[in-house]
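There are two complexes below, and they share subunit A, which is joined by subunit B in the first and by subunit C in the second.
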Partner chain A sequence: MILYDYILSPSCYRVRLLAALIGRRLDLWAVDVHPGQEHLSEPMLALNPAGTIPVLTDDGLVLTESTAILTYLAAHDAPAWLGEDTAAMRARVAQWLAFAQRLTDSAGAARAHDMLLAPGDIDALRGQATQALRELEAALSAGRRRGESFLAGNRPTIADIACFPHVALAPDGGLPLDPYPSIRLWMRAIRALDGFIEMPGIHRLHELKPEPGPMPEVIRKEQA
Partner chain B sequence: MSEGGAMRDQWYPVGMTKQLTAQGRDTMLMGEPIRVALAGGAPSVTDGTGRALPVIDRFGHVWTSLGQPEKDLFTIPEVDQPGRRLVDVGVCRVRCSPLRAVENFLDIAHFPFVHTDILGSEPHTEVARYEVEIRDDVDEVWATKVKFFQPQAAKSAEGGITTDYMYRVCAPTCSVLYKTCPPKPGEWDVIALFVQPLTETLCDVWPYMALYDDDAEMTDLIHFQQMIFVQDRSVLENQLPALLPLDPGREIPTRADMTSIAYRRWLKRHGFTYGAQLVAA
Partner chain C sequence: MGMMGAACSDPCASAPTPDTGDTVPTDWTPAALSDDIPVASAAPGQLGPHDLAIWRSASGRIAAWADRCPHRGMRLSHGFVRGERLSCIYHGWGYGEGGQCVRIPAHPELTPPEAIRVPVFSVAEASGVIWVAEEAPDGPPPEFPGVVAFRSLQVSAAPEALAAALGGTGTVIETVLGGAQVVALIQPLRGGAAGLHLLAPEGSDPAALDALSAEVEALRRRVEAAEEMTA
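Showing the complex of A and B:
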């Protein structure tokens, strides 16, 4: 499988992240999106007339939507990531995959504006992103009260992987995550998954490294 | 004195030569609107009133000044050596003081924590003693004999190596670093950070490289440097205070920060205070 990739693209990172989590090897083909605009070059437009990345090719199959690529990788190698095989759960996953596009169009566009000088009405983009982040916070908070840590139940699915990058990178577009405690706990749960990989702007969990032993004063107090 | 003080008379990068268009691009320099365009095949820069500003086309970038620069823009002789790949990395905007962007570039101690498993790794976090001086003859800050253990020092590096570095501040918002060149021992790879001050707390950063690497694709070289810089970006945007303090008091430097101390002294000596704060709190 060949992934046409850009290191700074959160949508490409969705694919790289899922591939790492399920142990799927990808051949990465770096596309000079910035500053080269290679995604708008003739060969790339021939592959994907929409002029977007990522693009995944596999045996004649050409996929140009990152959520479709996530679906393909999971169905191909790790079906548990599609979510529980019930009508309701499959629909919940599909619902969040569509929601992820709203994040791309709002938080993602705000980040591209603030970081790479992409055009856009920054106030409108931040407004739409804030609305989406509030919906996500409400859903994750409700899920936590039901004892669920992820978007579609109690195990991570492609829904989480689709939403995670643009949420985690929202501060790059001037959208702090401080007001969203459930989002922050959810991000921590994703970053703690076995096989998690980072991208520029999303750091690994240094704090999961072995902690120093119990604090002596605390032990003394408890024993006293 | 107008906004910017002595820094008005310095040269600043305002765009990539390759990206110039006749229509031009509106941007800012030290709070003032400017337009960078291609006029009759040559780069031109005008200010908000239409006044033509001085222009230099060098290192793949267009340079200008709001004031009257006394000196030519600095040179990087290595750039002209045959066989080097010249890499325009492209712009990245950061909500931070332009001086903080340069200061971060001069810092080695953050490598294991921000560029984990690439430019540094735990537990190899010690910054060994190195030498720093302000060279009066060229009026530049130089740090030499810097050594650091790196898991993947460059796109061309295979496995961990101890990398030698030299750092050079050659303009208030420009720094050039020289580092061990894995495919060509005895030569230095050159990586520069050119910073365009938009305001005192907002800047466009234009990284630039002159490397010996015959194997890597140009896109991979660009992406390696973009990856490194964007790892720094969120850290830079969260530094407090936003303006770089030039007087001691608010920040406690350690031995590893000798280059930063020399940079701040050099800025203060010249009155380069756009993006800086002078009074200790």
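Showing the complex of A and C:
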């Protein structure tokens, strides 16, 4: 599988993150989005006329929507990540995949406005993003009351991976996450998953690794 | 403790309103719910003009510190907890009891000077709520029998407007919301906003709590819409 990828793209990170979590090796093809505008080059437009990334190709299959790519990777290698195989749970996952697009269009667009000088009505974008973040917070707090840490029950699914990047990077778009305790705990749960990988702006949980070296008094005792 | 100097004169100290039956005066300010800051984690908070890093050690000790690493000013609430220390995410400087710096990873053999110390605020937990203050108040924060911590929300409206919508004044309002007897704790936030820390009846079933959650979201919409009209 080839992933046409850009390191700073949250949507590409969705795919890299899921692949890392399920142990799927991808051949990464770095697209020079900035400053090269390579995603709008003839060869890339031939692959994806929409001119967006990520793009995933596998044999004859070409996928250009990151949530569809998540669905494909999970179905291919790790179906548990699709969510429990019930009507309600499958719909719940689909609901959050669509919600992830709202995050891209609001929090993602606010971030692009602030960081990449992309056009947009920043107040309107932040208003839409705040509404989405409040919905997410309410849903996650309802889940916590039932002992659930993730969006579709007690195990992570592609729903969590789809929503996570634009939420974690929301502060880049002038949207602090301070008001959302359940979102903070949910992001911790995702960052604590085995195989979690970082992207610029989203760091790992350092506390999961042991202290690098002993405390000063121990060092001095050893030296004495 | 209260190392930040003079007692604050801004809205972080709640005005006592003894003539209101449903309002309990307290010198503490509600800052978060205990369940929202589990062991070995840190979260941002506010107290008047101060940004706080509220964190819980591996042994369960809660602390509220200035949210600023003395080294380079990074927010300590972005940091990480190992054992009984909070470390800065930027260069890993580790701080222990009383905000004292105890470890500088780039100088592993150095015992950090005493001057490298994070300002510490008073903090106490009661009824599942984390309360903070600049100067240690005379008594403990209030206890509320029969209710348990439910949700914290931020409301883009003045604390007074939120209190009025809940039918009270000040920091602590005991009221009925969506048919449930609740305790609403109101925290003044910067930028004309308010924190609402809600306590719900003990033993409520999930459906009742979902209904209460929807009720408080609706209340927030009403208060914010009214605030926008007057703005």
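Throughout what follows, the second predicted complex is superposed on the first by the 209 of 224 C-alpha atoms of A that agree within 3 Å, B and C clash if a C-alpha of one lies under 4 Å from a C-alpha of the other, contacts with A are read in each partner's own complex, and residues count from 1 in each chain.
As a convention for this text, a contact is a pair of C-beta atoms (placed from the backbone, for glycine too) under 8 Å apart; a residue touches a chain by one contact, two chains touch by 3 or more.
Everything numeric in this text was worked out from a predicted model, so none of it was measured.
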First, second, both or neither for A:His206, with subunit B first and subunit C second: both
Touched partner set for A:Ile7, first subunit B, second subunit C, both or neither: first
Contacts of A:Asp178 with subunit B and subunit C, given as first, second, both or neither: second
Touched partner set for A:Glu38, first subunit B, second subunit C, both or neither: first
Partner chain(s) touched by A:Ala138 [first = subunit B, second = subunit C, both, neither]: second
Which superposed partner A:Gly23 touches (first subunit B, second subunit C, both, neither): neither
Contacts of A:Gly195 with subunit B and subunit C, given as first, second, both or neither: neither
Footprint overlap on subunit A, comparing subunit B with subunit C: 203, 206
Interface residues, subunit B side, partner subunit A - complex: 16, 18-19, 88-95, 113-114, 116, 122, 204, 217-220, 222-223, 226-231, 233-234, 237
Of all residues in subunit A, those that touch subunit C in their complex: 134, 137-138, 141-142, 145-146, 178-179, 181-182, 184-185, 188, 203, 205-207, 211-217, 219-220, 223
Complex contact set, residues of subunit A against subunit B: 6-8, 30-32, 34-36, 38, 114-117, 171-172, 174, 200-201, 203-204, 206, 209
Contact footprint of subunit A on subunit C as seen in their complex: 32-33, 36-38, 40-41, 43-44, 80-82, 87, 89, 92, 102-103, 105, 108-112, 151-154, 195, 206, 209-210, 213, 217
